[in-house]
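Each chain carries a letter (A, B and C) given by its place in the written order, and its residues are counted from 1.
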Amino acid sequence: MNSLTILGLLPLIGSAALFLLPKGSDLLAKQVALGVSIVVAIAGLGMAFSFNRSATGFQFVEKHQWIPAFGINYALGVDGISLLLILLALVLTPVVIAACWHEAEGGRWSVKNFFGLILILETMIVGVFAATDIFLFYVFFEAMLIPVYFLIGGYGTGEKAAAAVKFLLYSLFGGLLMLASIIGLYVISGNQLQAPTFDVTALSQLSIDPVTQRMLFLGFFIAFAIKAPLWPFHTWLPDAARAATPGTSVLLLGVLDKVGTYGMIRFCLSLFPEASKEFGPTIIVLSLISIFYGAFLAIAQGTSSGDGNIKALISYTSISHFGFITLGIFAFTEQSHSGATLYMINHGFSTAALFLIAGWMISRRKSERISDFGGLQRVTPIMAWLFFIAGMSSLALPGLSSFVSEFLVLVGTFARYPIPAIIGTIGIIFAALYILIPVQRALHGPITPGNENLTDLTLREKVSIAPVIAVIIFFGFYPQPLLDVINPAASATLSALQITGIMGGK
Amino acid sequence: MNPYLPIIAIGAVGFGFAAFSVVAAAISGPRRYNRSKIDAYECGIEPTPQAAGGGRFPVKYFLTAMLFIIFDIEIVFLYPWAVSFDQLGLFGIVEMFIFIATVFIAYGYVWRRGGLEWD
Amino acid sequence: MNAPNIEYGILGPILIVLAAALIGVLIEAFVSRRYRYILQTGTAFAAVALAFLQLVLIRQTSSKAAVSSMSIDGVTIVLQGSVLIFGFLGLLLIAERGFQSFTAQAAAIPGSNEEQKALVSGLQQTEVFPLTLFAISGAMLFPAANDLLTLFVSLEVLSLPLYLMAGLSQRRRLLSQEAALKYFLLGAFSSAFFLFGSAFIYGQAGSTTFDGIRKSIVESGGSDQFLLVGLALLTVGLLFKVSAAPFHAWTPDVYQGSPTPVTAFMAAVTKVAAFGAAIRIYYFAVGGLVWSWRPILIAISIVTMAIGTVIAIAQKDIKRVLAYSAIAHSGFLLTGIIALSKDGLNATLIYLFTYGFTTIGTFAIVTLVRDSGGEVSDLNRWAGLGKRSPLVAGTFTLFLLGLAGIPLTSGFVGKFAIFTAAYKSGNISVVVAGVLASAIAAFFYIRIIVMMYFSDPVEDGTSVVIPSAMTVATIAICAVATLVMGIYPQPVISAINSLAFFAG
């Protein structure tokens, strides 16, 4: 067995152990889950150090026949992009488990099931990013919906069942469109190669006629746009984020939704280069709309006098951020690509920090309304400061990690599409608004009645959030290690596109 | 000779017999009019007045009729076998006995479950 | 004239089941009531097992039989094997302890004193076993038929017992009798179409055997309108059996009214048999007319998927939901016939094989959810099942995901195979329609899952009974099959691929 399989299998074994625990052993379940996820994270980091940064192509490759009748293989492998996304998931999982220690206690089912589901989800995430066989990717893509569905529906708040169903149906719909495209690709590969295959590398060698390519591209793209989510496919996200527990939201927005943008890079661009170029400008327009749409709705939540919801606000900021990511992807320059990939990682961490801290605020105040959090700066200074740092990272303040990625995306886009880049830059101003307004209203200002006796972060909470904050600050000053891993993969994708003209040189 | 000639001849004979019978009956038969003469069927069961319940037949009647048809059909299948008995030989006997056995199983079932009892 | 030759060996599987059915009739007639149940179940299970054994022994056969009126080839073997397996599972459900799903005295007027008396005295009629065996033998003959007359006879042997069995439900007798009558009348109607079509085809082709029809199409170039009229009428008869729109109207009523074990049996076995026969007709007999029938079947397939999935959303009764789901699956299965290729043949057989397990499992679980009066099929009362009995709800979820075709369940493998075959044959429209229909279908499957897990249980006496070993075994077999064929389908696929050939 290869290292990637082991990495994916460990959390699954952990979750099986959790399900086998007797009823009522909640504390033990939490400890087991945390232990397993930390072991997996360390194993993943260890793997990352043996990753050859100068090589292109997939590493840690393994391949076994699965359903030879259909040419389906169990094939795993990572390049720079997927490696970092896997690491993002592996690091965030123990953080979420530690940070959301008590989150599952109000749920419909037992605590051990909650953590079991999270570990299953971790397995699925490793699988979805590591799969180099499209069929295998699709299987993980669909299968990971199920734990999320139960996490939202079983442990969420408010309209959780409806939100869970909406999430599942949107994703399934996209997934089925993708399935049609996968079948199309498979049939074409059968016509052009000796045997039909699902191997990504082999499929990228196909020459597909333009009309078919456009249809197949759309099948993949819509699935990923729903996942990402890109305007106008985003409507499930606010509901899901509002209903989910903060920990689930972190995994959902921080990691899972990256499957969408990852899929665009890995599949849309490399399998359908012509169609990608053709649809590029349209998608850039959609990205810009997402940037502003997300920002405006976030501002609306922030400025709304009574019922501005902090979880909804964070989810809207994510729509805006995903707009930047797709902008970078479809600008087709090396800088924009590196920026977009880096953005995926950074957004994962900054959103994680925002959601976790917001979750602690909500659990203390027993309210999700932004206007209820007045004066936290004075009552709970550490929590307020951490929220501030996370917010600053979200609005891409120089010195924090998101800045680098947003800068790269905009500079890279400018090289090819100057006007969209300028419009995108204006989006940053709105980003400042949607972060600063809630910070100013919630953290500063007079203490809202009911907030006087709130307690500050416990040691567990501080320790659990520390790695996230550390990452945000560290990679804000020194993003080079990440870029070293990303750049070869990004240029490989672009060279597959055979983009001529401006290459956004370094 | 035209192969259809015998058919036409048989048709003519049949028609002729029918016509002869009607005419001969009209000429030679005695004429005694009474009530049963003007009934629908001169022979067979006397139609009862209205059956109880508005002219419905009891369902048992249909059951018996069905059973009759089934066993009647059996005879129909026996006929072609009898005609080509020589050519079919042992195969025919075996198959026919299997067939008769299956019908007898049905018969046994009907008998034991009371399908042949009127009340 | 020479005496014809009957190949008893390769017809053995069918003959064994038929003989057992006759023995069942004798048992019913001559054995004391006390021993009937045990003898009937013993005969039935032994017969199906023996027949399966004989089928395994003759699995390499590929020839015509009974004077070319039947064709025992790889396709037949696969289909008969499927029928026997699903028949066995169906029998397990039917034989469930206490016979709770079946009426004691089917002939008694609903709600009458006679009915009550029969029920209280516990004098159950056990005719359902021979009836099931007859239906199984018909279902085995149907896909093997190589002649329009044999096809018609086997259609009736399959259907007549089912009409009766539909009316045997213990609860809601009127609904059950209504279902039986509806099924019978519409079935008789479609049989007439079928027979009329056969007559037209015979008139044109001069032969009732499929080989003869095939030859005549090659010779005439398939341009004769009487052949097309005949085929159209024949298609009506077949589409009725597979419950494709617009001939699907009986399905929800019959599925709902029948005793649930019978529904399970009929859903799986009829589908296998009817699609098996359809495959032989469209692939073998009238394959030469593909340009005439393909557009029609494409339209019917799309309409069937649409009706099945859209109307299912509005249903409030679990058995009706599953009935519409069965209609939608017929639409999916038709895409395999439309493909008209070796891939399509393989895919259809794989789909049928995987679908049967899932659907029997689903109905098996429906038999478990009861209140004091019997099965509870109102969806609203399934609320909170996940809390009350997590294991049952979990297994049911697995089956629903299988029906929805979610990856890692067998339903996905079947769906993938069949859509790939259709795409490969260039019929992309049905693939797109199928994908969209799957998306809609996911909605109502998920709605049931939501109901079970995210709604609070209502205290109205609904509970999950502890089933006997028979139902447990059925559910366990179906669940394992759904899961294993989803994760590692290769052995089944290669077995079917290597077997599925028509005899010349």
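Going forward, a contact is a pair of C-beta atoms (placed from the backbone, for glycine too) under 8 Å apart; a residue touches a chain by one contact, two chains touch by 3 or more.
Bear in mind that the values here come from a model prediction, so they are computed numbers and not experimental data.
Taken as a graph of touching chains, this assembly forms an open line, each chain in contact only with its neighbours along the path.
When the C-beta contacts at B-C and at A-C are tallied, the pair with the greater total is A-C. Distance from the centre of chain C peaks at A, each centre being the average of the chain's Cα atoms. The most centrally placed chain, judged by C-alpha centroids, is C. Put simply, the C-alpha centre of chain A and that of chain B have 84 angstrom between them. In terms of their C-alpha centroids, the spacing between chain B and chain C amounts to 40 Å.
Annotation: 44 Å between the Cα-based centres of chain A and chain C.
Contact with two or more other chains is made by no residue of chain C. On the side of chain B, the complex with chain C involves touching residues 84, 87-92, 95, 102, 105-106, 108-109, 111-113.
The residues of chain C lying in touch with chain B in their complex are 1-6, 22, 25-26, 28-30. Residues 387, 401, 406-408, 413, 416-417, 419-420, 423-424, 428, 431-432, 435-436, 438-439, 442-443, 446-447, 450, 453-455, 488-490, 493-494, 497 of chain C are the ones that touch chain A when the two sit in their complex. Taken together, the chain A residues at the contact with chain C in this complex read 66-70, 108, 138-139, 142-143, 146, 150, 153-154, 160-161, 164-165, 168-169, 172-173, 176-177, 179-180, 183-184, 186-187, 190.
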